[in-house]
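Two complexes are shown next, each including chain A; its partner changes from chain B in the first to chain C in the second.
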Partner chain A sequence: MNNSETLRSFRTATWLGWQIESNWTDPFLFAVYSIIKPLAGAAILVVMYSVITKGNFDTPIFPYLYFGNAFYIYVGAIMTGVSWAVIDDREHYKTLKYMYIAPIHIPAYWLGRGVARFLTGSFSVIITIAFGVIFLHVPLDLATVNWPLFILSLILGVAMLCMMGLILASITLLVAHHFFLIGEAVAGALYLFSGAIFPLDVLPAWIRPVGFVMPITYWLELMRRSMVSSVSQAFPTLQRFSDLQLAGILVGLTVVFAVIAYFLFRWCDFRAREEGLIDRVTNY
Partner chain B sequence: MNNPAVEIHGVGRIYKIRGSKNEKKTRKELVALQDVNLEVRQGELFGLLGPNGAGKTTLIKILTTLLAPTSGWARVAGFDVAKEPGKVRPRINMVSGGESSGYGLLTVRENLWMFSQFYGMPSKESYERIDALLGLVGLEDRMHTKSSDLSTGLRQKMNIVRGFMTDPNVLFLDEPTLGLDVGASRDVRRLIRGWLEQDKTRTLLLTTHYMAEADELCDRVAIINQGRVLACDTPSALKQRIQHDALFEITVASMNGLATSALENLPGVRKVTRREDGGFAALEFELVEEAALSGVINQLTSADVKVVKFDKHEPTLEDVFVELVGRSIDEVEEAEPDAKE
Partner chain C sequence: MQKNNPFKDAPAAGSNVKNNPLAVMPHERAAGWKLFFKTVVARAYPRIVGQQREKSWIFFDIFLPMLAVSAYVFVYRAIGAPEEYVGFVVIGGAMTAFWMNIMWSMSSQLYWEKEQGNLALYIMAPNSMMAVLLGMAIGGMLATFLRALAIILIGSLLFHVQYTIISFWQLIAVFFAAMTALYGMGMMSASLFLLLSREADHFAQLAQEPVYLVSGFYFPIKSFNFWVAAIASIIPLTLGLDAMRQLIFATGASLGFLNVTVELTILLILCVAFLFGARALLGYMERLAIREGRLTESRR
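== the complex of A and B ==
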């Protein structure tokens, strides 16, 4: 591996990913996917919340869950964006083997393929938050947003989600086609365990550790704090950590996931070549 | 410098097949390659010839770093395919025929340009090469067509261009003409020959189950069946092995009373068989050597026999295959229908 190989793999994959992602034959589909789907998700949450709390939107739990849910869009978008390329190239375009024999850096290629999803995901996040602020009185004052913390957290979070995406992509190399929604499935499973819509203390004690080892938990907390600092103060779970400590934990866990991703990729790559899975096409 | 382009040493490959659902516990093993030893020299156009299921694609996958061998080792362009895939990959490329890979939403030119980027080629140079190669295969007027709008045959041509485009040291073509019509196959064969002539350090290894293609195109051919290499030599040397006698067929309008035994008694003639062929007499001659032919012609002329047709029967690679395997390539393929991909 050398730098120029990594860079050109990433750059060309980004170009390709964007060509695929922006290839909306129908702008209506794009609207459904990037606007209506996230808004519908947020709307369901808001309705449930309003039924449970009998319409009390003034507690801190409302912005807590609204921002948590909005930023959680990135989790599915990035993990799927990065890992989807394996299935797409292998099953649909039948090009994975040609990518493989090219002098490219495969993880960099996968990350590049995820960039487009990150961008459309960002669009969904912004739409969802704007909708909440305008129609649901989600408290957000752009003047009091802690922008340095926001940018730092976003960068760390994207890096962390990329590592999780690489882990899923590596696993995808070895598994069959019917796991094609692996990114969405994992994102869905972790939704409840990473404090996206309720603090971890709501969960039974035995399941809480899952949330505490997930970097997503700390990342969402940082994102919320950067947007509306008062929100987090209302919940004891992570309150005892300062912003810096949270960021430190996030960095630490991201490094751990990066190491896992590195070794897992090497192992899955090895297994895939041992078993001849790189050009396997699932028979239906 | 003059290292072999491809070295294959004792390579074997076993596939583990999981039993289907109702026989869950059975785990069958399929031997796809067995003790393959081959050496392809730099500059050579080398053919792997064998029926479907022989193991050709498996060998190509091993040589292109997609699949690990179960035993043995192989080197391509001087590097071990299993241990140093990162060194092998920049020096090779591969195209498999009979499949339509590619990004359908990109145009032909975009597809090719994108792959050139993965090889670190400057865009300007890559466009020049792409345009020239598309011209050579007659695809220049389709370069701005989305590849999803191309017929399978044209897509395959696009993919073949992708292989040549990166100017590899060793190019692997797996059944490059599979499914192509006669004209397109000819274009591809011309491209192959032209590419090798341009630069004597280039090496090309192709697989085919078309005997005539291997014969016409390849410098050397390895005949492979059921995972084993049965013979490896130049096409003419392979054919000479089975050519024990010179065989000719002479068709005449009428024998004018000349007896076949009179021809058989000529020096150097081993056997003459006569067969009726639509009002003509077809005489098949087995000669000890070709020189005996002049005596035959003299005899026919002096008896005033008019020659209508004259054929020298050349042994083909098909004959070589039959000699080695005991069956023709079609019979082998028919006998094992599930060996077909």
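== the complex of A and C ==
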């Protein structure tokens, strides 16, 4: 692997990804699109919550689910951004075969395509949290935010999500085009196991271990603790872990996922070439 | 190859073709209603049979929405909601399959056909575009019905949802009225998407969470202000879901937006409006797309 080739692939893919993500419309419509979708997602939870609690937003579970949901936007955005590039290039632009014969590093190219989704995802996260603070009294004081922990957690989380995105991208090489985005679908599914919008204790005991092996669980806990430490203290699930321990677990699991991503890509890439799947189009 | 060939039952040239709906000999060209129905069957075929061949599709279509439904169920349990809300989420989750099908396999379909070069062939062929859309709708509806049914069965078993059918025939009527209106709406939006290019995918994306919100997929629509719920009722699943919940849950009626009979009447009106609207809009959009040269454009 050539470092300059990897960097060049990543940089060019980042530029390409941003163009694809943003230039389909004018900036105003793009901004509206980027705001409405995440706010509607958050509003579903807010309405569900307020219907049952008769609008009592002062319980600790409300900021727990609101922050969890807001930061979870990154999960869908980054994993989808990386894995969707396969479908987009293979079936829409029909350029995946050209990417394969070009002097580029394919995983670095996919990661670069995910950067644009990270940027738009960041915009959505900020808007969602701002909306919650202004209109729903979500407790957030910028002066008490643990900024070093926040930045460290964000960097670790993005790295971990990129590895998960690579795993999905590799699998996507072997599966057909679906009418939803496979990254978003998996992200939606992981909602269940990672304690994003409810504490893991609510899950049946036999299913909880799945949550404990998912790095997203620890990442969301770190993000919540960095924003409002009192929220996490209200729930016992991960209370026994210090911030440093959580960060250590997150680093460990990210390394594990990176190793899986590396070997899975090699295997899926081999199978896709063997079975002639690089340039197939699936649409009924 | 033979196993996957949709025309495997077609007789050899010169043999009797009377009993084979797909076989048309060159000297027996179908026309009029016969051509219309053959087109419907031909377009529905890949939706019903072709989709089942891609095993990963079946898995993702059922298993992943099921996990999302489970997440919302556990949110309700975390905040101490009454058990009937669990049933509401299961039914709402199953109905998301239909909405996804409308957005991605109806509305966006003509855009995808355009991108792949099939749209021009559809227009050139002597069949009606309404028949193509109707075939897509019927095929999509049947295929999605099986997936939605699987979600309801698995969800009900997992979360012990209790059903109390108030009126079976009303339930059937509401379901079919909602589906007819919904797919009529899908046919209408398909013709609108005919003019779109790259933005089609983004518009389809944009029509997910906001519609799940305003249509009350995961909570009773009655939770909204009357006028918000009334405006949201333009989407047939809003009233369809509300009426179905009233008819299958013991406490459903107390959380219903309008009386079931009123909701059924509105759904029937929407059926007529959307189907006629689809026919009128498709004709207009097709002419517009031809005039502006958009049928073969590909702004990538």
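Definition applied: the second predicted complex is superposed on the first by the 274 of 284 C-alpha atoms of A that agree within 3 Å, B and C clash if a C-alpha of one lies under 4 Å from a C-alpha of the other, contacts with A are read in each partner's own complex, and residues count from 1 in each chain.
The definition used in the following text is that a contact is a pair of C-beta atoms (placed from the backbone, for glycine too) under 8 Å apart; a residue touches a chain by one contact, two chains touch by 3 or more.
The model shown is predicted, which means the values in this text are computed figures rather than measured ones.
Legend: residue contacts after superposition of the two complexes on their common chain; A:18 is shown touching neither chain B nor chain C. In the superposition on chain A, A:241 makes contact with neither chain B nor chain C. Once the two complexes are overlaid on the shared chain, A:212 sits clear of chain B and of chain C alike. In the superposed model, A:8 makes contact with chain B only, not with chain C.
Looking at the shared chain after the overlay, A:57 reaches neither chain B nor chain C.
After overlaying the two complexes on the shared chain, residue contacts for A:273 are found with chain B alone; chain C is out of touch. Chain A has more of its residues touched by C than by the other of chain B and chain C.
Judged by the touch definition given at the top, the superposed model places A:123 against neither chain B nor chain C. Contact with chain B, but none with chain C, is seen for A:100 once the two complexes are overlaid on the shared chain. On chain A, the surface patch touched by chain B in one complex and by chain C in the other comprises residues 93. Those residues of chain A lying in contact with chain B across their complex are 1, 4-5, 8-9, 11-12, 15-16, 19-20, 23, 93-95, 97-104, 273-276, 278-279. Across the interface of their complex, chain A is touched by residues 15-16, 61, 64-68, 82, 85-86, 89-90, 92-94, 99-106, 110, 114-115, 117-120, 162 of chain B.
Residues 24-25, 33, 36-38, 40-41, 43-45, 47-53, 61, 65, 92-93, 175-176, 178-180, 182, 185-186, 188-189, 191-192, 196-199, 202-203, 281-284 of chain A are the ones that touch chain C when the two sit in their complex. Chain C makes touch with chain A in their complex at residues 46-47, 50-51, 54, 56-57, 60-61, 63-64, 67-68, 70-72, 74-81, 85, 100-101, 103-105, 108, 112, 115-116, 197-199, 202, 205-206, 208-210, 212-213, 217-220, 223-224, 300.
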